[in-house]
Amino acid sequence: MKVGFVGLGRMGAGMAANLIKAGHEVTVYNRSPEKTYPLRDQGAKVAKRVSDACDGLVVFTMLADDGAVENAAFGEDGILRHLAKGAVHISSSTISISLSERLAAAHAKAEQGFVAAPVFGRPDAAAAGELLVVAAGGISAIDIASPLFEAIGQKTLVVSDKPVLANLVKLSGNFLIASVIEALGEAMALVGKGGLDLRHYLDILTSIPLFNAPVFKNYGGLIADRKFEPAGFSATLGQKDIRLTLSAAENLRVPMPLASLLRDRFLSLLAQGGERLDWSAIGHLPAKDAGDNR
Amino acid sequence: MKVGFVGLGRMGAGMAANLIKAGHEVTVYNRSPEKTYPLRDQGAKVAKRVSDACDGLVVFTMLADDGAVENAAFGEDGILRHLAKGAVHISSSTISISLSERLAAAHAKAEQGFVAAPVFGRPDAAAAGELLVVAAGGISAIDIASPLFEAIGQKTLVVSDKPVLANLVKLSGNFLIASVIEALGEAMALVGKGGLDLRHYLDILTSIPLFNAPVFKNYGGLIADRKFEPAGFSATLGQKDIRLTLSAAENLRVPMPLASLLRDRFLSLLAQGGERLDWSAIGHLPAKDAGDNR
Amino acid sequence: MKVGFVGLGRMGAGMAANLIKAGHEVTVYNRSPEKTYPLRDQGAKVAKRVSDACDGLVVFTMLADDGAVENAAFGEDGILRHLAKGAVHISSSTISISLSERLAAAHAKAEQGFVAAPVFGRPDAAAAGELLVVAAGGISAIDIASPLFEAIGQKTLVVSDKPVLANLVKLSGNFLIASVIEALGEAMALVGKGGLDLRHYLDILTSIPLFNAPVFKNYGGLIADRKFEPAGFSATLGQKDIRLTLSAAENLRVPMPLASLLRDRFLSLLAQGGERLDWSAIGHLPAKDAGDNR
Amino acid sequence: MKVGFVGLGRMGAGMAANLIKAGHEVTVYNRSPEKTYPLRDQGAKVAKRVSDACDGLVVFTMLADDGAVENAAFGEDGILRHLAKGAVHISSSTISISLSERLAAAHAKAEQGFVAAPVFGRPDAAAAGELLVVAAGGISAIDIASPLFEAIGQKTLVVSDKPVLANLVKLSGNFLIASVIEALGEAMALVGKGGLDLRHYLDILTSIPLFNAPVFKNYGGLIADRKFEPAGFSATLGQKDIRLTLSAAENLRVPMPLASLLRDRFLSLLAQGGERLDWSAIGHLPAKDAGDNR
């Protein structure tokens, strides 16, 4: 399949590489061109502008934030103007609910397909083709996208025919992860100050079948070791996702006090210089509040 | 081994039965005597008072709250006065940190062993001998207790030689469960009001390996179905455990804002008549706050 | 002085009337023209569009939200294009920090003056010319504006030469009021459920010199009587102001947990149908959470 | 009137002195005797034990916490055993609701009067006889106590004939003060980081009639100047009062999220070494969370 791919950050680069490996004809675009070189070496065509990546049946966007996706989609040189009727825009970026709704409406009007397909997984999973794809959109667009999802992920979960609901599931998932980080952070501040070794505690905890999931092991380990660099997913991105969650919640009028607590944790972390730390670093704030000055 | 067992509630009855099955010579005591009958039929001796259950090498307590354990331990007719030197009191109740510390000190002074051994698992796991035992105490006392733990549980996790740390681990574990309930409740209020079916959402969520643990599946299912009766673990007990957690945190000067949020959730639930509901019913409060009047 | 006035809502109508009374030559504009009639009867000229209100030395805007102010200022027919060099735009609306900064920059570039002058006081104070004006802007612009502030208010407080700081003070003030409402709501839920009559409680409380301020008496009275209609300041506007406060706090990276709590209170109130109630209605939510179903 | 006075801390010493000045025959008791000397010099009789201060018509207690009051009241040598029938115990300490209820029941059974009469005001107000007395108890007991309240305070507010309600009002009052401290702390963190001088901000704020109360001026001033020593009322005492408030709220099943936030603030402050600071020091924590390291 002829596929465009816009956005070659740490996630996008891995996804595009797996599309090439699966035999698709991939044209990549990235604002700073040096990130296109490795992909070119793997067989990608390199586009000089977004529109040059829009001549296939599908174009992916995997960009940092709403602003970048807005430019790529609505700009003069953007996807809406240059994608063929019937072709599909797959948006894998974590974006706001309102932008997702605007995109769905604009593509429908332009008679183009639109699939929201955010992913779960860190850059290593993207490189290994083991992402989890959470997809929503019209059936025919999903059908077109399916073989591509197989190339980039281990599993595709189809949420709904309303694209925005995939974004909502993605946001809720990141909110749940951050909630577990906060909960572990408070629990570890408590038992740590009580005198228990945190690694030992984590071993005990994850021996309990109830808690036998990677979310407890992985994030608990980072907090126990206070190992927040290098960031797998930065505090800045974590803060962004909680902001998007709260914004969706505000539009739907759903009070989320735990999400509000997480918001304040991320702001604290950023205010104290933690932009480049892993987002799990909020899990050390409860210990700091309890007087741990490490 | 000759073992006493004080407290035959839904958890204690199953534990005592498994001790009998494993061939131990068990004497049971319960304040209301009718709960002793089934155990008698299984081969237990029935004690008329606590002291009559104290003539073995070990005596268990599995009681509802601090007050009940205080009576059984410190009363005129209690364990401290009647247990032999060198014999061991195993306290499996979820009690406060400060009571656990008082018990440890008193038993040490009386030259008796003391093991705090709270358990994870619901009544069905107690009946099946599949509890998870979290134990802490002096090595020789733990040695004595070990075969008994094997009879009641699938696994024993030894925390420390300081009994109180087992209680702290137990409290932190219940706090983590309640935190996941809150997080799921908020996430489901959000995606539910956004238009997604909650069972479908939960299937998607628990397909993500990160969240592939019973704590998400079980509690998420109860919230999705709003099935809060009969209670596996009541809101009243949940409120008690969060109170004990906050009290431990206060003594150690550890601020726990998420635990504070849970405290307020439980008070809300109880104030609105939810005493007899399962503690997962706090997971429906976010939807109520968002206008869901079911 | 020749003055334009854009926005004749409940606040703006009173302010414009007082400018006329003070002898200024006032041209008014309002989107729905029927609100201009009473002002015309008092001697105002009526403008058909915003630009027609921009031919004096000063133009006020007193509009509902960011969107309305953006249109009036940046539109084709807007203030920036039509106000003379050296003339002054006085923005009295409660707007976001970021819009205030954009306005300040745009007016500076257009060589026009810009004063942010939000006000404290309800519609009756606006009608009586007894508002409190919190003003910030360049000295010469403030000088021009001063006699106008005297016409509409009992007092002018000059904050800074940076306009945005007046907006920040206004937001912080509304945040403080809402905080007192929450605090009173919780206190009254407590003493009320304890058995004390709320009016009697409020009399006692405000007899204590420490609490002898209108913010306690006025809002306490509304909560005690559960008298939330008609709204002096609606829950919808309250929610907006807390949103703007949190947004300013996010930009400055200042965690504000109490503001987050207020956010959730307002969302609860709106989700339960409270849009048209006075914002003090959040002060009844603590009692509701405690089981009071009135 | 013949009056006993138990507890000569900073508050009690001033109160007892004013009783002497008003012409009453006062017998004082304090655990560490050196605090009795100044009172003896002013004309007090000095008691060697609590019971020696119980031979008058009234005995005051003004002690640090529940434990001290329990000892003084219920001890072998305590008030209940030694006060005459018909005589009155006036409890001015800030104690828990449950202790106040126990005292009321015990005194009723002993046919003694009991008045809960906590006070508002700092040590200087106690010395000047300008406290605000919040009193509750049976009418005849209040009648007996009234001239004494006149000696120690500027005003007496009679709450109810149920003593516990005076304690509840006192706790709610301290909760309100702490709430204002938190609100001011967050507002000042915001405007301060935005670039406004905090003293200037406070002047503006308290020029607004709505906020024209000492609670804003006094505590705002302490926060603006970060002047938390010497403590007028220590963080330790503040934490105690919020704990008592939350405990009362738990008994009555009233969720109080703002009180929970205050609880966590005080624990943070104490965990970071702030025991001896004024309780208004929690008002600097929002700025610290926002990166202010002063």
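By written order: A, B, C and D. Residues from 1 in each chain.
Everything below uses one rule, namely that a contact is a pair of C-beta atoms (placed from the backbone, for glycine too) under 8 Å apart; a residue touches a chain by one contact, two chains touch by 3 or more.
Treat the numbers as computed from the prediction; the structure is a model and nothing was measured.
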B-D against B-C, pair bridged by the larger set of C-beta contacts: B-D
Longest centre-to-centre distance from chain C, chain (CA-based): B
Between chain A and chain B, centroid-to-centroid distance (C-alpha), Å: 38
Rounded Å distance, chain B centre to chain D centre (Cα mean): 39
Chain B and chain C: spacing of chain centres that average the CA atoms, whole Å: 53
Residues within chain A bordering two or more other chains: 249, 253-257, 261, 264, 267-268, 271, 289-291
Complex contact set, residues of chain C against chain D: 97, 120, 132, 134, 155, 157, 159-160, 162, 164-165, 168-169, 171-173, 175-177, 179-180, 182-184, 186-187, 189-191, 193-196, 200-201, 204-205, 207-216, 218, 245, 248-249, 252-259, 261, 286, 289-291
Parts of chain C lying in touch with chain A, wherever the complex brings them together: 243, 249-250, 253-257, 260-261, 263-265, 267-268, 270-271
Residues of chain B that touch chain C when the two form their complex: 257, 264, 267-268, 271-273, 289-291
